[in-house]
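What follows is a set of notes on a single structure, which appears directly below.
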């Protein structure tokens, strides 16, 4: 039992050089890729189901060169980002109103409380009927899904703005817009940011889902169509592009958070 | 009035003349502890010696950061030892074990267990039969005066009550030596005094060996048979003072001339160290 | 990333905080809105795709009595609960182990931080190719998606066990197995519940999604069919059922949490003086 306490301490292998250590830490990814490659070449599984990595890479390159990737990628990104941006604007306004206005709170809070566990995706067929199969129905669904976390987090943030800070500001003669911009917004900013952070990946997920259900453009459609026509390499290449967008979103948000909320130390993920 | 309080030179700690025949319960020999903080190697303990006899209540006071808590954690087996040895009852200390029970400032109660559940826990670990477990736990809850709270959860209790639960749990473990790491440090002044009285009362009934780390001089004199004053880092023994106050001790003892004499003496010793530590840290 | 799961769970409303202060009159405004909606429906002032509450209720009741609804709901819930149980169990077990044993976390850490931000639902068409169009594919997609948030939550919980709690256990002479069972897991349980709550919400989203893409039975299938026939009342009845099930499942999980975590959920400053 003597070393049990030591086991709970995270001790990293001591290789020379920080960079070498960082690269070494990525070995599990290499393990997974190698396993994929071995299985794909072994012949146990038909290449129609699992193509080797080089084939996927080749397909990715071809789609990039032909402009297919940019075309579909731009459409997917556009839908996700428009719905997401609209949700940020409306969500912050709604969240603030919910936190600071009694009547708004009474009317809207039940919708947000009871609506939360409902998968909004189940409303998508109705949106298709109202807005058609094109961009609009998808953007509306993305907007609705992203609206919930942003609104609720903004509401929490605005409510928990420390009373002492508000009093201090009022004591110094601040009121109205000044109080709002100088005290409430900065103190609610971490919560608002948390909502945005939840919403961004959701925007991508919902866009992809809508493209899987019914569409003829966008990366989700490419995955669905290529799979249905037994072109898994093409489907995987499109999936890789989706994965990259998701990964890029995540990283840029972490970066932005560090810049915008410099006074809040962010505990490093998986330190 | 000072003959009882003998100040010893740093090097000959533990070499007390009268006790010759009995082997001390705890013997610490030239203990070393270093650690790296912000890239700089810091020596917390450098050749530290101490002996504690069975049934002694020993308090350790010292300037903050002098390594007194580190020493207790090493003795508990939670921190690595960089040199020297510690022997408890003739056996070398290596790793944590139930022969050395620890009481933390932060209580360390399990919030998912009730008061009774917390006290029962060490007995479960030790595989004591259930019937005996319950009698022991109930007896200890009576001892710390918390029988009515047996089904409460720790988060429902005040800090003082939590520490009493932790004390009951520690006694349930029934270790050979009790290690207390500033146990009352997080309490307010009134609760702290109450707990001191309570600990003194409980200790008089069991006379367990105790090592008690604190930064509160009053607490150390009131509770201990011996007060050990640490130097600033690296921690060594600056003084080893025997407290000859009669037991059981009432709070009124703090007003006695003898007590005040001890207090002034320790205060001066500690002040010297604090000033020295500050001048060394200054550029 | 760990912060994200925590924030996500925080976003999900707690029943107490939202409704404790809402008494009597607080319900008047929502009720008035509902009444206005109904009246508009009665006077034919609503567009076709918005159905009056009374008609949704009537259709819902009719479908329930005929047994149609229960059959579809059972089919949906079967896949949803299997996907949730498998995915969340795997995520929790691996997460706790990774929190305790450093080599396991070193293996999963880069994989999870690479895959977690990826919209994994995009792989659904490929899963259909690999595992067929039946239940298996749907359960596989749920399992994959739910694994990640539950893993991260459990890992974070197991990792942030207080040092003195571990020390206290080692001090009493507890074995490694007992330490994990009686200290690490109870202490990680609040985080584990957060992960399961996210997983539960995700399982309902994926239940509907997978059924909208391909299905022959289930509530999502009812919605898809109703759309083709422009039976909006049936569509809303199915949505209402999903909402009720999702809401109840969430409350059930919260009840279970409240029961299992009594001691931990108590606020720390409500102690006796």
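The first chain written gets the first letter, and so on, giving A, B and C; residue counts start at 1 in each chain.
Here, contacts are C-beta pairs under 8 Å (C-beta built on N, C-alpha and C of every residue); 3 or more make two chains touch, one makes a residue touch a chain.
Please read these numbers as outputs of a predicted model, since none were measured by experiment.
Asker: What are the mutual neighbours of subunit A and subunit B in this structure?
Answerer: Under the touch definition, subunit A and subunit B have C as mutual neighbours.
Asker: Taking contacts as defined above, which has more of them, A-C or B-C?
Answerer: If we tally the contacting C-beta pairs, A-C comes out ahead.
Asker: Can you compute the centre-to-centre distance for subunit A and subunit B, using the mean CA position of each chain? Integer Å is fine.
Answerer: Whole-Å distance between the two chain centres: 52.
Asker: Taking each chain's centre as the mean position of its Cα atoms, how many Å separate subunit A from subunit C?
Answerer: About 18 Å, centre to centre.
Asker: As a quick test, compute the distance in whole Å between the mean CA positions of subunit B and subunit C.
Answerer: Centres of subunit B and subunit C (C-alpha means) sit 48 Å apart.
Asker: Residues of subunit B that contact two or more other chains, please.
Answerer: In subunit B, the residues touching two or more other chains are 77-78, 95-97.
Asker: Specify, in ascending order, the residues of subunit C that touch 2 or more different other chains.
Answerer: Residue numbers touching two or more other chains: 167, 170, 173.
Asker: Two or more other chains in contact with one residue: find those residues in subunit A.
Answerer: Only 1, 4-5 qualify.
Asker: Tell me, which parts of subunit C touch subunit A in their complex?
Answerer: Touch residues, subunit C against subunit A: 1-4, 7-8, 10-13, 18-19, 26, 28-30, 33, 49, 100-102, 105-119, 121-126, 128-130, 161, 163, 166-167, 170, 173, 175-176, 179, 201, 204-205, 207-209, 212-213, 219-220, 223-224, 226-227, 230, 232, 235, 238-239, 242-243, 246-247, 249-250.
Asker: Which stretch or stretches of subunit A touch subunit C in the complex?
Answerer: For subunit A paired with subunit C, touching residues are 1, 4-5, 7-8, 10-11, 25-29, 32, 49, 103, 106-107, 109-110, 112-114, 116-119, 121-126, 128-130, 148-149, 152-153, 156, 194-195, 197-198, 201, 204-205, 208-209, 212-213, 219-220, 223-224, 226-228, 230, 232, 235-236, 238-239, 242-243, 246-247, 249-251, 266-267, 269-270.
Asker: Under the touch definition given earlier, write down the residues of subunit B that touch subunit C in their complex.
Answerer: Contacts found on subunit B: 76-78, 95-98, 100-102, 104, 106, 108, 110-114, 121-122, 125-126, 153-159, 161, 173.
Asker: Mind listing the subunit C positions that touch subunit B in their complex?
Answerer: It is residues 162, 164-165, 167-174, 178, 182-183, 186-187, 189, 261-264, 266-268, 270-273 of subunit C that touch subunit B.
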